[in-house]
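What follows is a group of structures, each given as structure tokens.
Both complexes shown next keep subunit A, but they swap its partner, so subunit B is in the first and subunit C is in the second.
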Partner chain A sequence: MTQQADTPQDTEKDTGQPAAPARAAAPAPRPGRFDAVRRRLPKSTFARHALAALGGLVVVFLVLELTNPFRNSQFATMSYYAIAAVGLTTLTGLNGQISLGHGALMAVGAYTTGLLLGPDADGAALPLPIVMLVAMAVTAVVGVVVGAAAARLHGPYLAGATLALAVALPGLAIYFDEWLGGEQGLRIAAPRPPDWFSDAVYFLSANETPGVKYLAYVGWITLLVVLLLMANLKRGRVGRVWQAVRDDEVAAELAGIRLGRTRVIAFVVSAACAGLAGAVLAVVVRLAAPSGFTIVLSLSLLTAVVLGGLGSFTGALLGSALLVFLTPTVTNLGTSLGLDATAAAEVAPFVYGVVLVLVMLLAPAGAVGVLRKLWHRTRGNHPGSSTRRSA
Partner chain B sequence: MELRPVTVPLGKATDATTDDQAAVFGVAGVSVRFGGLVALDDVSFSVGPGQVRGVIGPNGAGKTTLFNVCCGFVRPDTGTVLRHGRPVRGLRPHRLAGMGIARTLQGVGLFAGLTVLENVMVGAERHARAGFASTLFALSRSDRDERALRERAERALAELGVESYAARLPGSLPYPVQKRVSLARALAGAPDLLLLDEPASGLGADEMAELGELIRSLTARMSVVLVEHHMDLVMSVCDRITVLDFGRVVADGTPDEVRDDPAVIDAYLGEEATHS
Partner chain C sequence: MQQFLNVTLTGLAQGAVYSAIALALVLIWRSTRIVNFAQGAMAMFTTYIALSLIEAGQSYWVGLLVALVSGLVLGALVERVVVRPVEGGPELNAVIVTLGLFVGFQALAAILFGSTFVSFPAPFDLRGFTVGGVNIAFTPNSIFVIAAVVVVMLALVALFRFTNLGLQMRASAFSQEVSRLLGVRVGAMLTLGWALAAVVGSLAGVLIAGGNLVSPNYMDAVVVFGFVAAVLGGLESPGGAVVGGLTIGLLLSYVSGYLGSELVALAALVILVAVLLVRPQGLFSHAAARRV
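Entry: the complex of A and B
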């Protein structure tokens, strides 16, 4: 084996003894352009991530207050896709487990929410946050069962098992039709904004808070909380161990990591996200029905995650935005270019498919992968020299 | 290098029991069969505190299988793994680190998606204390724990002279540096026994000499078991050498004894000598 002397660092040659003098030949870590900013950030991980989440909240507030109700409802839709996608990117990107069953896990969250809230707005006994937490917990329990099975499976077998989940679980709703509403599903009353919430929004923006905007707030605040907690996991010991198991099982095991337990935990965390996403979906769509949780939903989530860039939360957000906004944008573009409404609507899935194929061909690392490469090029760094991958 | 045991048990399990009280680690009477193939046949060896034990033999002699038995990847049909003279029951690979045993892999086996520093921090996992909840909510306990792990990892990187690569991904580094990082990962857990699986493969002559010095310097803190092809390295760093051929121990002794043993020359060195 020859030495591959292709980077300037290779000139380094030291004795391997403690305190090797020749180490001076190694370059000092490159002072980054943003080091000054980085030094001012709080030391505590929680404070840093909470600060980012607060910044996100301000952006969400501005966007939702400045856009019309139609856009608000689109953002509400995007929020539940994004919550599920963040959970899936954690599982697939960080831990290397593929899941084609996340749509079914969302169904568990949505049906739990439907059963707890009921069709009558005034009859709801529990406050919305409690309902969402229960939906999350129930889905997490399902996640334990599925995850325990999944931890023993790899690659195509895992894909097959989770695919079976996606196909079978909505069928339960039809089987237990008295309880779960059969094909018609469960109608769900849209929760009304509490007075303190409308008052707070009115105080800040002098706008009323109609139901649609309230649900968009519910979805996005949930998303921000999920992002905050997931960023904590990713940056900490848990995320590092997940990635170690993904990259090299044998080496991870020799470091004392229990592979099965690690995989199950990753699956449960991801399932909990899917359950929350299902809860948000239930109140936004006001319906939990089998037709809403077909295999198409699971596949859309996976494509969103891959398009954005596996393992990246920014990528998950980009991918969900694409899911929600690409079709109407292309349809509008089509009609303004002179196509009739049907033809324009038919072009949209085609464009989506082309985008997918192009990304796979030209940027297999997804949108965030491309951005990262550009970023390193502008900084003149070696691509492998990133200090941290972006959240 | 003040710790040098005078006596080291040889060969059979029967005479190993008394001397193994002093031994840090060993195997006794281990046999492994894969179908009809006998991979290991009644193999015993042990390593004392601060000692370097070499395991050599021609290709297919069973060196890797022996290592896999030591790590719990392969369950022996008969025989036991001994830790401080006591048999280890139900050895599983993930329990190894907790027992203070680190193993490097053939090649490098680094985590491609983690930076060099993070790789080495994984090596220090056995010292990690932050649980799931404290990581999820980024409690100060988790931050403290991370800082402690990072310091351990940085010390290990500095000891091997590769701390300037801490922020890089391993795939972008030259092979000898990757080798050092994987050794740093093994040392980060502060083991008292290091199992090295062909550490010199892919290294040049200079680097191999450095590696030899490094291994000798480690004996102040830990015992080492070394599986290696390069005879120069094995002869210069090992206190005792076990020679395997067709799954059996054909010789066990100091480098000088082993070098002159006709059975060894027959099995291994003769073949080697004609090559070099």
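Entry: the complex of A and C
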């Protein structure tokens, strides 16, 4: 999230030494401007990430209180894209597995949420956090099944299998139409903010908390928790093992890492994120229908992740922000070029496709990679030289 | 019994189309080690070109011909412009590029041709033959579909087996470096491979559209079925792709006929995962691999 949290992990990646004690090694060669700040930060990685997450919470509070309801709803949309994108970037960026099925996994989370919450706001038996956790758990179980199959596959085979998943899963919702609502899908009641929550927000900002803003809070708090956990996972032993598997399967296996189990766990963690994202989507959109979980959803998640930069959480956030906030602009551009509403709505996916191709051709490391390169260039050292030699 | 016969015959005609898509995927995989996930979207695009010609008063055959030619051009352009830079690079990059093409073409078709369902004419009668007073689900159009696929396959076999060009293409797929040393223009061969694959894909697109409704995403499921068929056949072998396509066509037709059409894609997923886990090299690996 913040610069302080990101810098050590970046240096770790650049030197290409997964097990290196990055915090000790990074500041030593060049005394940087931020050393004084860095020394004051807590020693424990988790504490530093938690601090960043708290800072993030303050920013989220300020932004949501200062923007209008339309922006609030856009932020709510961005939160579920970002949760899923963080999950996908964990899988693709850290572990090297691609998934085109994350849209389908989001559908699992959304339908679980829909079934538990029901169409009637007062009839909901379970509180929202419990529902979200159940949705996450159910999706994780589906993730075990898919991941077990996916663990043996790589590259195009994995892409094809998960693409088949994305095409196949909506069919189930139509097949079990009495239970899952068929083409129309499940209507879902938007949960109302609990009194203590509205009171707390009112106490801090003297603003009321309408449903939209509450859902944006739910989404962003979930996103911050997911980011905190994932950033910790990435910096810890598990994350290093995943990256080892990504970089060299044979070397990882020789080092005693069990490839299959590692891959399945990575898939399950990623699926759990997708399930949470689906749960947030369900309450924000208030509908879980097959038309909401097309291949285009999976591919727009991939666009967000690739555009931001594979493996970087900052990139995932940046990518989902671009996805949500640029889409209306691009659609308006289509309308101003004389397209009717349905055609203008297709301009955004067209741009996703062009962006996917262009990023891969021109800057495979994504926006974060480009920024990182510029940052190193202005500071007078070339990351490429050290990276290549060690790799 | 009659239902079984009908389901089988429908499956054969669909299987022929899946074979064509699988063949297109195999052609590209063999030469460049890339699975072209945009195959279906490109075929959909050329089908729309054919449809707009037919709607403008041209005959079906002019539409078909133009679709095939534009497939040829499109395939060559796509290889030359966007695929060439990622060839031989990390496999994820190539996958992402073809996925980008997939979304891009689909959205472009929706912008240019509209995203509603439009009916596509069939060149032959869509009423089934009557055998012994019973109407069966085998139509003159199905015969045309199967015949067209067979003709294209024979043409490809002839190209690869009996011509110098085909020999050069096989050589560059087999070993790029050695072929280059022997004076084969490998780059041109790869472009030609993509172009031919796009022609076969376009044919499949027009054939499956005949007598049906088309929309920008009507090929989504078809390309997945084609991929499953190609994997079933080993992804390396054109012969395997054909057998795989027919097998998938029959199996999916039985699922659709006896269990429900919503489960077809799920059945394809189950078949794919089963094949990949049990026999990842495909059911018809090496023996068939060197046949064409």
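Heads up, the rule we're going with is that the second predicted complex is superposed on the first by the 323 of 391 C-alpha atoms of A that agree within 3 Å, B and C clash if a C-alpha of one lies under 4 Å from a C-alpha of the other, contacts with A are read in each partner's own complex, and residues count from 1 in each chain.
Simple rule for what comes next: a contact is a pair of C-beta atoms (placed from the backbone, for glycine too) under 8 Å apart; a residue touches a chain by one contact, two chains touch by 3 or more.
Please read all numbers here as calculations on a predicted model, not as lab measurements.
When the two complexes are overlaid on their common chain A, residue A:Pro42 makes contact with neither subunit B nor subunit C. Shared-chain residue A:Ala251: touches subunit B; no touch with subunit C. With both structures placed on the common chain, the touch criterion links A:Ala168 to subunit C but leaves subunit B unconnected. In the superposition on chain A, A:Gln243 makes contact with subunit B only, while subunit C stays out of contact range. By the touch criterion stated above, A:Leu259 is placed in contact with subunit B alone, subunit C being left untouched. For subunit A in complex with subunit B, the touching residues are 1-7, 9-10, 12-18, 20, 23, 26-29, 43-46, 49, 229, 232-233, 235-238, 240-241, 243-244, 246-248, 250-259, 265, 311, 382-388. Contact residues of subunit B toward subunit A in the complex are 71, 73, 93-98, 102-103, 105, 109-115, 118, 121-123, 125-126, 128, 130, 132, 135-140, 142-143, 145-146, 149, 158-161, 164-169, 171-177, 180, 185, 189, 201-204, 206, 210-211, 213-214, 217. The part of subunit A that touches subunit C in the complex is made up of residues 92, 96, 98, 100, 149, 152-157, 159-161, 163-165, 167-169, 171-172, 174-175, 294-296, 299, 302-303, 306, 334, 339, 342-343, 346-350, 352-357, 360-361, 364.
The touching residues of subunit C, counted against subunit A in their complex, run 29, 34-35, 37, 82, 85-86, 90-97, 99-108, 110-111, 114-115, 216-217, 220-221, 224, 227-228, 231, 260, 262-266, 268-269, 272-273, 276-277, 280.
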